[in-house]
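Here come two complexes built around chain A, the first alongside chain B, the second alongside chain C.
The block that comes next holds the complex of A and B.
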């Protein structure tokens, strides 16, 4: 909003930051984007369990940042992988912090993602109109497991080697195609240089390329539809009635996802 | 939001909202700083490491003739991050008098090519850009910005030891690389 201009001399000029925001708002409508993201209606029934998604997003961001910097030293080759990790741990300043964050963040991701999913199940938040948010979330869960599985091999120590041996052997027990899956995962019959290189490539290139747009879609749907409140029988009936009422009308049912309370 | 504000402009939940947004921004800034500082150190730290100065045995005094520079080759084990690699290096050793030795780093002070000794003209010559040095390392022609870099020599148990170092190139000052 433009401030009122005084007629004689004493104009109250908006501050620089206001003017920057004004010009951005005029061109891109940034205020409405900010309002859509930050000034959302939240049901009164929300509680701490509803923060698990945001917590996952935070840890995910931390994994991205620490992962990028770990790649500055790490070498995905059998003769250097272990030594390069030892170099990070013993020679690089704060190397233990950066790797430690990534290590514990990986476990935190799995714990948070599962807890987040349990909350969504218990609260019935996967129901209409949030089925697609849920579906995207299921794929995000699988991608998280993919990150965990591929990342576990990278330190190339005994634990990594044998855990991946066991993990790929599990895949090998699948009827008919198991043997083939096992060989594809390892890049051959045995676990070795080819396995390490492809696990690294999947961990830092393929999986991020898949998860980032999916996180974006998941968040878009969360913001677009709004947060669901705790389940409520009366609300459920009302929602079903509304769904029936809207059927046949094109476009997104207006505010249908936001509980009344 | 206490009693001082009698005008009633501030409503309670507006200030609460404001407090929460400031608190969120402050905690966010704290976390961002707490992550960025280690990361800066993490990226910069290998640059802070000083190279070690190995002591190289180049032979006994009598391996050298007075007034005749001799190139001594040796192999260093260089620690390159997590890789240890053998690296071929050499020094020019000159016996000035019976008990006075000087050693030169063979890298031309211009841009690092190896200088060679031309016995015919009594000069060190660099093949890359025509730098020429006298037997005591002074520049007589070409682009080198400073004399040949001398290295410390000492005698220990009848053997000559040279403290091998590399110096920054292309600048007039002799500064350890």
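The block that comes next holds the complex of A and C.
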């Protein structure tokens, strides 16, 4: 390629950012990744209801960021948990806002994930070829509830303690294995220091280790398969009519050959 | 869906996509706007309602009426319809059916049709499930007073004193209050429903008088009659 010339005879060199992108592209193919993620085509029927998934993703990211901030001050022991939360609220700069965002974000995440699921149900978007995207989604829903349940105990206030007492008691009513589940959840017969340590470990280690790869898989499938278009009633009626033509309406001889479009 | 339906879907989808618009910037703009809106709503909630922190957990405060997070209220309410032995039906049975139905939805609804008016069964069952959850949640809110940041009412001075004695004498080493505490002796929550305050006070003074087999220590020497009476008064606040 002929190098371009500046008016005063100086040769332009690619800008720094272009050169960085070029060298990354040469090695990693970043331009084709960008093309696969951003230039992919979306059916025109995709509408505002389709933003619910990405809104869930946004709140999830917010929970990760605010959660890391809270974990930097929080102490998971019955002696200090409550005080550390009070410290976050009263002493740490923006502590109240960050804890507030994490608190309301948890509710928002439940609302959004359920709304997202309802939009998928109403539009039949769980059907071929997106069945496994749906399955991953169901597990994401369960994990979201798991975060809510384990996070609720952590402030170690009255509400936390008693709601978790009742919640874990419920698990104890399961026939045969109930007692075992109860001991695993509580780490003992009663709610205590081990319970708090365990719920903290579930909330910040186990559940994130499960949900992060699962969100990744969910999004991979969404991009790979492509987002579904909103269902088209007229097209489906036509399709149904054609199929009836194939299988034969009772009494009439079966038609064969290529149906009219 | 049979092979033909799948083939037809792929063809139709490719056609839709070919006429479509690129993800960037069209979808990205919408997604960003909604994310910003969600963020503003969250900030609004923090500013308007703050974030609750009640008093520190107190394992002896069984007068506290527990109330789970709002999105678990429907489960909590469901339990009330399955008392005793049947409790696990509400705890595990019904939620498991719900989760399995969700997991296997793509197998339960296999027609190639996607528009909601062509899938009345799925839509109606979903709507009924939603209504059930909404009704259960509403009933749970009605029947459980909102958490107030302490016991459902403040204890009187005597009850407060009784509570401190209950803690100081370590009654919880042997006794539970609503399942929290020791198991050597009986659970004391709601004990005043079957016994008068005088009976309970007398029992604490000398357990063997009422029950020769009791291994509970007598407190008649250690505590004054007033103090013992206060413990009984505190017990009367539990297990409602």
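As a convention for this text, the second predicted complex is superposed on the first by the 221 of 261 C-alpha atoms of A that agree within 3 Å, B and C clash if a C-alpha of one lies under 4 Å from a C-alpha of the other, contacts with A are read in each partner's own complex, and residues count from 1 in each chain.
Note that contacts are C-beta pairs under 8 Å (C-beta built on N, C-alpha and C of every residue); 3 or more make two chains touch, one makes a residue touch a chain.
Note that the coordinates shown come from a computational prediction; the quantities given were computed from them, not determined experimentally.
A.B. asks: Have a look at chain B and chain C on chain A after the superposition and call it: clash or fit.
C.D. replies: In the arrangement built by aligning on chain A, the partners chain C and chain B fit side by side.
A.B. asks: Taking the superposition as given, does A:145 touch the first partner, chain B, the second, chain C, both, or neither?
C.D. replies: Second partner only.
A.B. asks: Identify the partner contact of A:73: answer first if only chain B is touched, second if only chain C is, both if each is, neither if none is.
C.D. replies: It touches chain B, and chain C stays clear.
A.B. asks: Classify the contacts of A:226 with the two partner chains as first (chain B alone), second (chain C alone), both, or neither.
C.D. replies: Touch status of A:226: second partner only.
A.B. asks: Using the touch definition from the top, say if A:37 reaches chain B (first), chain C (second), both or neither.
C.D. replies: Touch partner of A:37: chain C, not chain B.
A.B. asks: Identify which of chain B and chain C touches the larger number of residues of chain A.
C.D. replies: Partner with more touched residues of chain A: C.
A.B. asks: Have a look at where A:87 lands relative to chain B and chain C in the superposition and call it first, second, both or neither.
C.D. replies: After superposing on A, A:87 lies in contact with chain B but is clear of chain C.
A.B. asks: Is A:62 touching the first partner chain B, the second partner chain C, both, or neither of them?
C.D. replies: In the superposed model, A:62 contacts both chain B and chain C.
A.B. asks: What is the contact status of A:54 with respect to chain B (first) and chain C (second): first, second, both, or neither?
C.D. replies: second
A.B. asks: Enter the shortest inter-chain Cα distance between chain B and chain C once the structures share a common frame, rounded to whole Å.
C.D. replies: Least C-alpha distance: 5 Å.
A.B. asks: Show which residues of chain A both chain B and chain C reach, each in its own complex.
C.D. replies: 62, 86, 97, 101
A.B. asks: For chain A, which residues are in contact with chain B within the complex?
C.D. replies: By the definition above, chain A touches chain B via 62, 65, 69, 72-73, 75, 80, 83-84, 86-87, 91-95, 97-98, 101.
A.B. asks: In their complex, what parts of chain C are in touch with chain A?
C.D. replies: 1, 5-6, 8-10, 12-13, 16-24, 26-28, 30-31, 33-35, 38-39, 41-43, 45-46, 49-59, 61, 64-72, 75-76, 79, 87-88, 91-92, 99, 102-103, 105-106, 109, 112-119, 122-123, 126, 130, 147, 149-150, 178-181, 183
A.B. asks: Touching chain A in the complex: which residues of chain B?
C.D. replies: 35, 38-39, 41-46, 48-49, 81-83
A.B. asks: Would you tell me which residues of chain A are touching chain C in their complex?
C.D. replies: The touching residues are 37-46, 48, 50-52, 54-55, 58-59, 62, 78, 82, 85-86, 89, 96-97, 99-101, 103-108, 110, 112, 118, 121-129, 131, 134-135, 138, 141-142, 145, 148-149, 152, 155-163, 165-167, 169-171, 173-175, 178, 189-191, 226, 228-229, 231-233, 235-236, 239-240.
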